[in-house]
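When the chains are written out, they are named A, B, C, D and E in that same order, and each has its own residue count from 1.
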Amino acid sequence: MIALTLILLLSPLIGTLLLLFCQNSSKDLTILISNISILIAFLLSLFLLYLFYSANPGPISANFLTFADTSLFSLHFGIYIDSLALIMSSVVTSVSLLVHYYSISYMKDDTSFNRFFIYTNFFTFSMLLIVFANNFLQLFIGWELVGLSSYLLIGFWIKKESAIKANYKAFLVNRVGDIGLLLGLCLILLSYNTTDYNQIFQIKNSINIDSVSIFGFTFNALSAICLLLFIGAMAKSAQVPLQFWLPDSMEGPTPISALIHAATMVTAGIYMVARLSPLYELTDGVLIFILYVGSITAFFLGLVALVQNDIKRIIAYSTISQLGYMTAALGASLYSLAMFHLITHAFFKALLFLCAGSIIIKCHHEQDIRKIGGLRKYMPITYLAFMYASLSLIGFPITSGFYSKESIIDAIGYFGHTIPYLMLLLSIFTTTLYTSKIFFKVFFGESTLPKEEQNENPSNENDRQMLLPLFILTAPSVFLGLFIYDPLMIGILFQNSLAANELIMSFYNGYVINSFKFFLHSFTTINFLILLIGLIFSYLYYYKKAFSINVPHFIRTTLTKEYGFESLSSYLIPKVQNIFTKYLWRKIDISTIDNGLINNTSSFINNLSSKMKKLQTGFIYHYSLIIISALIFLLILMRLTY
Amino acid sequence: MNIELITFFIFSFLLIVTSIKVITSPNPVLSAIYLVFSFFLSAVLWLLLGAEFLSIILILVYVGAVMVLFLFVVMMLDINIAKKSAAYIKYLPVGVGVFIIFNVLIIFFFINTFENINYNAINSINVISESNTENLGYVLFTDYIVEFEIAGLILLLGILSAIVLTYRKNPNNKYQNPTEQIDVEKKDRLKIIKGLKE
Amino acid sequence: MIELFYIPEVILSIGVLLIIILDLYLQKHKYISFSLIQLLLVIASLYALTEVPQQNYSSYEFSEFTSLIKFLLILGAIIIFQYTYSHLNHLNSLKIEYFTISILGLVGTMVMISAYSLLMLYLGIELLSLALYALIGFNKHSGLSSEAAIKYYVLGAMSSGILLFGISLIYGFTGSINYFDIADQIRNINSNSVQYLGIIFGIIFITASLCFKFGAAPFHIWVPDIYQGSLISTTILLSTLPKIAVFIVFLKLYFIPFMALEYVWSDILIFIGIASIIIGSIFALTQENIKRLLAYSAISNIGFIILAMALVSNDGLHASLYYTIVYSFTALASFGVVTHITSNSHGIEDISDLAGLSKTHPYYAILILITMLSSAGIPPLIGFHAKLMVIQALINNSYILLSIIVVLMTVVSAYYYLRVIKTVYFEERENLISTYTSSNILLSINVILLLGLGIFPFILFDTTNFLVNLLTVISI
Amino acid sequence: MIPISYYLILSTIIFTLSIAGIFLNRKNILVLLMSLELMFLSVNFNLITLGNYLGDLTGQVFVFFVLTVVAAESAIGLALLIVLFRNKKTIDVDDLSELKG
Amino acid sequence: MFDYPILSTLIWLPIFVGLILVASNDIGKSLSTTITLLTTLIILIISIKLFQSYDHSVGNLQFIEKFVWISGLNIFYYLAVDGISVSLVLLTSFINFLIAIYASSEDYNNKSSYLGYFLILEGLLMGTFSAFDSILFYIFFESLLIPLFLIIGIWGGENRKYATIKFFLYTFFGSVLMLISIIYLANLADSFAIEDFYYLTLSFEEEIFLLLAFLIGFGIKVPMWPVHTWLPDAHVEAPTSGSVILASVLLKVGGYGMIRFLLPITTEAGIYLSDYMIYLSLIAIIYISFVAFAQEDMKKLIAYSSVAHMGFVTMGIFLVFNLMGNNPTAAAIGLEGAMVQMISHGLISAALFFCIGIMYKHSHSRLIKDNFGVAQFMPIFSFMMVFFLMANSGLPGTSGFVGEFLVITSSLGSSFLFGFLAALSLILSASYSLKLGKNVLFGDNQKNSQGYLECKSNEKIVLGSLVIFVLYLGISPDVLFNLLDKSVSDIISSISLGRA
C-alpha cells in the first residue's frame, strides 16, 4: 500500500521530469506523458481507496526519504495514508485528469504547449505532496510548491503584462500566509523536536498546557501554533483579508483556474485544517476566529461578485465565498462537512470554470459577460453543463452543492452560531444572484461582440475533447452529494481521520436523520425561501430586465474596489513600496552610510592631506623653523619633566 | 675683576655684535667681513682658554682659506644687496621668540648647573709637555689616528665633490682630443648608409 | 695594525683612490671602471664576511654584528650601483665620480656603524653627509637637483651643528666621548646630580639630529623635497644605505651609552615614531610625484622602525631590525623598478607616467604590483611580516592603542600604494614607456625575494634573530 | 679667572644667533652658509670650554676635527651654491621653493 | 587515509598553476582554458576525495599538517579540516570549476592572467578554510584581496577604480583590527594556533574589545549591515566570474571566521551583546531587502540580496550566543542553519550572477529596464533563472529554504519577534527576486533588439549543475548535515570550554 501510494505520489513528478526532458518533442508525446501519469495517479487513488475501505488498516504513516537526520532533529519526507488523504487525492487526481484532458484541446494553439503540461503535472505532484504529507515540513514544502506552480501557471502567458503582474501578486500574498505557516512549523520543530503528525497528535494535550510568548504576550502553545498555521490557510484559501490575489489569478489559462484556483489548491488550507483537526479541536479561541473569518469571507466577497462583469472574476469571487463556507464549517468544528463541501465544490466549480473556458475560447478570449450573450443555441452542451453546475453552486435541492452547503448552514445554525449563520444565509441570496447573472447574460440575450468575431461556425460546439470532461464532471456535481452524504455523516467515509465526529453525529441524528429526509426537509427551511426569492429576483432582473435598481454609487464603488483591497494591492502597496524602498536606498544606504560615513571619512582624510601638504612650503627657513621648534618643544618637555 | 675677565667681556661683546652683524647686514660682502671679524675675536677667546693651536688654525684655515673662498664666491656670483622684505619683519617676532626661548632654556640651565662650581675656564692641559700644540699633536697621532685618517677621506671627498660639481666643459670650446683621434678605428671612418629607394 | 688593512673600509678607501686615478685613463670605457668598482665592492663584501679583526681599537668596533651589517650595506650598494649604472647609462649622464663619491659615502656609513666614540660617529656622519650633498646635487643641469642639494646642505649642516651641540653636552657632563665610558658614567648618575639634566639635554640634541638624518617626523621635513629633486638613483641610495646606518647608530647609541636613561628617550622615540607614521601616511595620500610618494612612505616606514626600537625590549629590537632590512629591501625594489622605466624618454616623475604600463610592459607591472603590495603590508609579502612583528612587539608591551593607530595608518597608507597599482593596471593612457634590461635579472631577484621571503620568512627571521643575539651580547 | 659658565653662555648665544640667522634670513644662501659657520664656531667654544673644565684634551681634538670637516663642508656648500646659481641665476632663499607640497 | 599532504595540494596546486599562467602572460586562450579546466577539475576531484575520506562520525580536526614555520614567533604551518571547512572547501572547488567552464567560452584580453588570478584565488580560499594557525589564516584571508582586486580592477566595468579601491580599503580596514586581536590573543596564549585561543580565560572587557574587532573584521567581509556598502559597488564592477566567486565563496570567509573566532573565543561578550548583533542581522535581512527592491541594476539587486541572505548566516551565528545558556539545541540548530545557508547561498548567488552575466553578454546592459522578455528567446535559460530566483526567495525544495528554515526555527527559541522578523524575509526576498524575474524574463519583447540567444552548452552545464545541486541540497540536505553535525557540536562544546 505504501509502495502504491508512493507510485501515486511520484507518477506526476516523473511525468514532469519526463516532460522536462522531452521539451522539444511532439505534442502527442507530451499529451501522452502528462495524461498517462495523471491517469495512473487517478487510478491508483481509486484503487487505494478501494483497498483502504476493504482492508481498513487504519492510518498508515511511513517515511521514505530522509530530509535531515542529525543529533539535533530528524526530518523526513513521508506519506500518511488514511481515508481523508485518499479521498482528497482522488478528488485532486480526478479533477486534474479531466483538466488535463480538457486542456489538450484548450491549449492546442499555444506555442508553449509543453510547458503548460509540465506545470500542471508539477502542480498535481505538489498538491499530492500536501495531501499525503505526514509531517509539517512536507506540508510546508508542498504548500510552497503549489504556490510556485500557481505562480508559474498564472503567469503562463509570459507576454501578457497583466498576467505577470497577477502572478507576482499571488505569490507574494501567499507568502504572507506562508510566514504564518512557517512560524508554526518552526515553533513545532523547536519545541517538540519533531514535525510528524502522529507524534504531535500524541502529545497534543501536553502542547495545550505549554505556553509561548509572542510579542510579549503569553499564549497557549497549541493555540499559537494553530493560529499561525491557519494564517497560512487564510492566504492559500483566500480568506479575508488575504483574499485579493485570487481574482487576479484568473489571468491564467482557464483550465488552470478550474484546477488550481477553484478545485484543488485553494482548498489546501481547508484540507490542512481538517487534517490537523485533532489539534484545532482543542483550541476554542482559534476555532471561533476561523468561524468568523469564514463567514465574513462568505458573505462579503459574495457581494463583490455582484458588481463584477468578467465571467472568470465572478466565478473567482464565488470561489472565495464558497471557501468561506468551508472555513466557517471548520470553525464550527464541522470538519467532515467542510471536507464534503470541498469535494462537491471541487467538482461543480471545476465544471463551471471549464464551461467558462469553453465560452471564452469560443468568444476568442472575450471574458466580459456584458458583451457575450445568447450562447444557448450555439453551445447547448456547455449550456446544460453550466446550468447543472450553477444549480449545484446555489445549492438547489438534490444537487451535490445542496447537500454540502445546506448542511453547513443548517449545522452552524443548529449549533447556535447566530451571526455566522445569518451571514451565511444571506450569502445564499447573493450566490443565487451572481450565478444567475452569468447564466442569463451569457446564454440568453444578445451578444454585443462584432458579428464576424462571434462565431465563424456558429453551429459548432467546441470539440469533443473539451466536452467530454464537462460531461464527466456533471455527474459528480449533481449526484455525488446524494451518494456520499449518509456515509459521510455517520463517519464511515472519513472514519477517524477527522476530529469531532460526535458533533456531526449529533447534528445528523438530531436534525437530518438521512439524506432523503434532509432533502425533503430543506423545502421547509428559510434557506430554500431565500433561494427561491433570489432565483425569481434574478430572473426578473437579469433576464426579463423587468426593473432596474440604482445601487448607490458609494456601495458600488466599495464593492468594485473590493472594500479597498483592490487599491491597497494594486496601487497603494506598490507605490509605497517604490517610494519607501527608493528612499531607503538613496537616502539611507547611499547618502547616509556610504557617502556619509564611508566616503566622507576618506575624503576627510584626503582633504586633511591636501591641507597639511601646505605645511611643506618648500622654503628653507620654514623647514629650519619647524626643526628648531620641534627641538625646543622636546627640550621644554624634558625641562618640565626632569 | 681681573684682566682675563675684562678681555673676555670685551671680546665676547664684540663677538656677539659681529655675529649679529653677520646675520643682519644686507650686503653679503659685509657679512663675510663681519664673519672674519668674528673668527678673529673667537681666536682671541680661544687663546684665552689656552687652545693656542686651535686659535692659530682658526685664523689660518678659516680666515685664510675658507673666508677667502666665501669672498671669491660673493664676487663671482655678483649678488645684489638685498632689501629688508616685509616677510622679514613678519618673521622677526618669531625669530626673536625662538631666540629668547632657546637662550633662556640653555643659559638658565648652564647657570643652574655651574652656579656652585667655581671653575676657571682657563686651563692648560698637559699630556706630554707644556705646549698645547705638542700635546695636541701627540694625541692626534696616537689616540686619534684612525679619526685622522677618516678626516683625510672627508677632505678627499670634499675635493672630489667640489670638482665634480663645479667642473663643466664649455661646449663652445673647440679643441681636439688626441686620445679620441688615436682611438679611431677603420669602421668609424666610413659609415655606409643604405640609400633610400624612393 | 696590519690586520686592519683588510677591513672593508680600508679596502674601499684605497680602491676608490685607485679608481679615481684609473678612471682618468678610461674615459672612453666607463664600463671597465664600473666593473672594477663592482669588483672592489665584491671583494670588500667578502672581506666583511670572512675577516673579523680580533684587535680592538677603543673608538672603533669590530664584531660579527658590524661585519654582517657592513656586508649587507655593501650588498645593497652593489645592487644600487647596478640599477644606477643602467639608469644613468640610459639617460646618457654616466659619470664614474658618482660611484666613487657613493663609495666614500658607503665608507661613511661603515664608520658610523663601527663607531664606538662620538667623535668617530661625527666623522662617519659627516663623511656620509658630504657624499650625499654631492650626490643630490649631482644632476648639475637640473634646477631641482641643485635646489634639493642646497636645501639638504643647509638643513643637514644645521643638524650637524645640533648634533655637535649635543655631543659637547654629553662630553662635558660625562667626561668622555667613548660609548663605554659614557654608559658607565650615566649608569652611575642619579637624578639629583648636576649632570643629569645636561645629559638629558645632550640626548635630546643628539636625538633631534639623528632623527633628522633618519627622516623621522617632525624632522622629516626635508625628505620629500630632496627625494624629489635628486636623481632617482640617488633617491634609492638615500632611502636605503643611510637609513640602515642611522638605524644601527640609533641602536648602538641608545642601547649602549644611553641605556640607563631608557625611560627618558623611549617616550620621545615613541612619540616620534607615531608622528612619523601618521604624517608619512597622511601626507602621501595626495602626492602626484612618485618620488615624493615614496619619500613619505619612507617616513612612515621609519616611524615603524623607531616605534619598535623605542619599546626597549628584545622583540621590539628584533622587529625594528627586521623591519629595517625588509624596508631597505622593499625600497630597493620599488625604487629599482622605477629606475628601470622611462616614460616619454624621461625618468619617471609623476605617478601618471606609469599609466598603461600593464599593457605595454606586463612584467614590470607585476614587479610594481609586488613591491607596492609589500610596502602596504599585504600578506603574503615580506612587508606584512615586518609590520606584523612591529605590531606584535607593540602588543606584547601593552601598547594596544598605539597598535590600533598604527594599523589604521596602515590602511590609510594602503590607499596610496593602491593608487600606484591602479594607475599601472587600471588606467589606459598612452605613455611612451620604455624599459631597459641591463640589470633586469637583479631587479627580478630583488622583487621575487619580496614574495619568496614572504612565503618563507623564517630565512630572514633567523638571520635577524642571529643579529639581535649578537647585539644583545654586545650591549650587555 | 673666568667662570666656565660665561663661555658656555657666550657659545649658546652665538649658537642661537646662528639659528635665528638661518630662519630669519630672507636674502641669499650665502649668508645662510655664514650662519652655519657661526654655528660650528659656537659649538667649538663649547667643546674647548668643557674640555678645559674636564682637564681633557679630547675637546680640543674634537674641535680640530670639526674645523677640518667644516672646511670641507664649506667647500662643497659653495660648490653647490655655484651650481645652483648656474641653474637658477639666483641664490635668493625665497626663490628656492620649486620643491614643495 | 592519505599519506600525501592533501590540503597542501589543494592550496598550492592552483596557486602554482595560477602563478605560471599569470607569469606566462597571454599564452593563448585555448591553452590557458584547458589548463584551468584541468586544474580546477583535479582540485574538485581531490576535494571530493577529501570529503569522502573525511570521517563524519567524529567532528575533530582531520588531515592535520603541522610544521614549524617561523620558529621564533611560534607560527606554524598548520592545516587541518573539520566538517565546516570541508563543506566550504567543496563549495570553493565546485564554484571554481564552474567558473572555469563558464570562462571557457568567454573572451577576455589576456585571458591566461585572468584565469590565473582565479586559480590563485581558489588556492588562497582553500588555505583560508583549512588554516588553523591564526597568522596563517590571516595571511590567506588577507591575500585573497590581491587577486580579486586585480580581477575587478583590470577586467571590471566603468567605475572599477572607485569600486576596487573601496573594496580593498574597506576589507583591509576590517582585517587589520582583526590582526591586532589575533596578536593579542596569541600573546596571551603564547601560541598562534586557533584552538589554543579557546582555552584562554579573558576578562569581560577584553572580550568586548576582541569581539568588536573580530566583528568589524569579519562583518565587513560578510558583509553585515552598516558596513556592506562596498559589496554592491564591487559586484557591479566585477566581471561575471568575479562576482560569482565574490558572492559565493568570498563572503563565506566572513561567516567562517565568525564561527572559528567569534563564537568560541569571545563568548561572554557575545552573550552580552548578542541582542544588538541579532538586531544588526535583522536589519540586514529586512532593510537590505527593501533596498534590494529599489535597485535598478540587476547585479546590485543580487548583491543586496546577498547581504540580506548573509544576514541569516550572521543571525544563525549570533543566535548561538543568545541561546547557548538556555537552549543549546536551538543554538546548534541556528549554527547548522547558518552553515547550510552559507553553502546554499554560495550556489544560488553564483547561479544568479552567472545568469546576469549571460544576459549581459547579449544586451550589454545590467539595468533592469534594458532587459525584458528574455523568456521568449531563452526558454531554458529562463526556466533555470526562475528556478534560481525561487531558490533565492527561499522556496522549499531548494537549498535556499533549508538554511533560512533552521535559522528561523532557532530564532524562535530566542524570541518570537526575531523569528517573525526573520520570516518576513519570505515576502521580501520573494518580492525582489520575483520583481527581477517579472521585469526581466517576462513581458513582451517583439524586436529582440538585445539579441538574446539561448545560452551555449557550457553555460547550460554550469547552470544545470547548479540546478541539480540546489535541488539536491533542498530535498535531501542530509549529506550536509552529516558533514556538519559533529563539527557544529564540537564548536558548541568548545564555546563552553572558554567559559569554564
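We take it that contacts are C-beta pairs under 8 Å (C-beta built on N, C-alpha and C of every residue); 3 or more make two chains touch, one makes a residue touch a chain.
Predicted model, so just to flag it, every value in this text is computed and none were measured.
A.B. asks: What is the graph distance from subunit B to subunit C, where chains are linked when they touch?
C.D. replies: Counted as steps through touching chains, the separation is 1.
A.B. asks: In terms of touching chains, how many steps apart are subunit B and subunit E, taking the shortest path?
C.D. replies: 2
A.B. asks: Taking contact as defined at the start, I'd like the list of chains shared as neighbours by subunit A and subunit D.
C.D. replies: Touches both subunit A and subunit D: B, C.
A.B. asks: Centre to centre, using CA atoms, which chain is the farthest one from subunit D?
C.D. replies: Most distant chain from subunit D: A.
A.B. asks: Which chain wins if you rank chains by how close their C-alpha centre is to the centre of all protein C-alpha atoms?
C.D. replies: The most central chain here turns out to be E.
A.B. asks: Among all chains, whose Cα centre is located farthest from the one for subunit B?
C.D. replies: Taking each chain's C-alpha mean as its centre, the farthest from subunit B is A.
A.B. asks: Count the touching C-beta pairs: is A-B or B-D ahead?
C.D. replies: Counting C-beta pairs in contact for A-B and B-D gives the edge to B-D.
A.B. asks: Between subunit A and subunit E, what's the gap in Å when you average each chain's C-alpha atoms?
C.D. replies: A distance of 36 Å separates the two centres.
A.B. asks: Starting from the mean Cα coordinates of subunit C and subunit D, work out the distance between those two points in Å.
C.D. replies: Chain centroid spacing, subunit C to subunit D, equals 26 Å.
A.B. asks: So what's the Cα centroid distance for subunit C and subunit E, whole Å?
C.D. replies: For subunit C versus subunit E, the centre distance works out to 43 Å.
A.B. asks: Between subunit A and subunit C, what is the separation of their C-alpha centroids in Å?
C.D. replies: A distance of 78 Å separates the two centres.
A.B. asks: Can you pull out the residues of subunit B that are in contact with at least two other chains?
C.D. replies: Touching at least two other chains: 91, 94, 98, 102, 106, 109, 113, 117, 143-144, 147, 151, 154, 157-158, 161, 165, 168.
A.B. asks: Counting only residues that touch at least 2 other chains, which ones in subunit A make the list?
C.D. replies: Each of 602, 613, 616, 618, 620-621, 624-625, 628-629, 635, 639 in subunit A touches at least two other chains.
A.B. asks: Please list all residues of subunit C that touch 2 or more other chains.
C.D. replies: In subunit C, 119, 123, 126, 130, 133-134, 137, 140, 150-151, 154, 158, 197, 201, 224-225, 415 touch at least two other chains.
A.B. asks: Which chains touch, pair by pair?
C.D. replies: Touching chain pairs, listed by label, are A-B, A-C, A-D, A-E, B-C, B-D, C-D, C-E.
A.B. asks: Once bound in the complex, which stretches of subunit D touch subunit A?
C.D. replies: Touching subunit A: residues 19, 22-26, 32, 93-94, 96-101 of subunit D.
A.B. asks: Quick check: in the complex, which residue numbers of subunit C touch subunit A?
C.D. replies: By the definition above, subunit C touches subunit A via 150-151, 154-155, 158-159, 162, 191, 196-197, 200-201, 204-205, 207-208, 212, 218-219, 221-222, 224-225, 264, 268, 279, 282-286, 412, 415.
A.B. asks: In the complex, go through subunit D and note every residue touching subunit C.
C.D. replies: Contact set of subunit D toward subunit C: 15, 18-19, 22, 29, 32-33, 36, 39-40, 42-43, 46-47, 49-51, 53-54, 56, 58-59, 61-62, 65-66, 69, 72-73, 76-77, 79-81, 83-84, 86-88, 96, 98-101.
A.B. asks: Can you tell me which positions in subunit D touch subunit B when the two form their complex?
C.D. replies: For this pair, the touching residues of subunit D are 1-10, 12-21, 23-28, 30-31, 33-35, 37-38, 41, 44-45, 48-49, 51-53, 55-58, 60-61, 63-65, 67-76, 78-83, 85-86, 91-92, 94.
A.B. asks: Any idea which subunit C residues touch subunit D in the complex?
C.D. replies: Residues 119, 122-123, 126, 130, 133-134, 137, 140-144, 146-151, 153-154, 157-158, 160-161, 164-165, 167-169, 171-172, 175-177, 224-226, 228-229, 287, 292 of subunit C touch subunit D in their complex.
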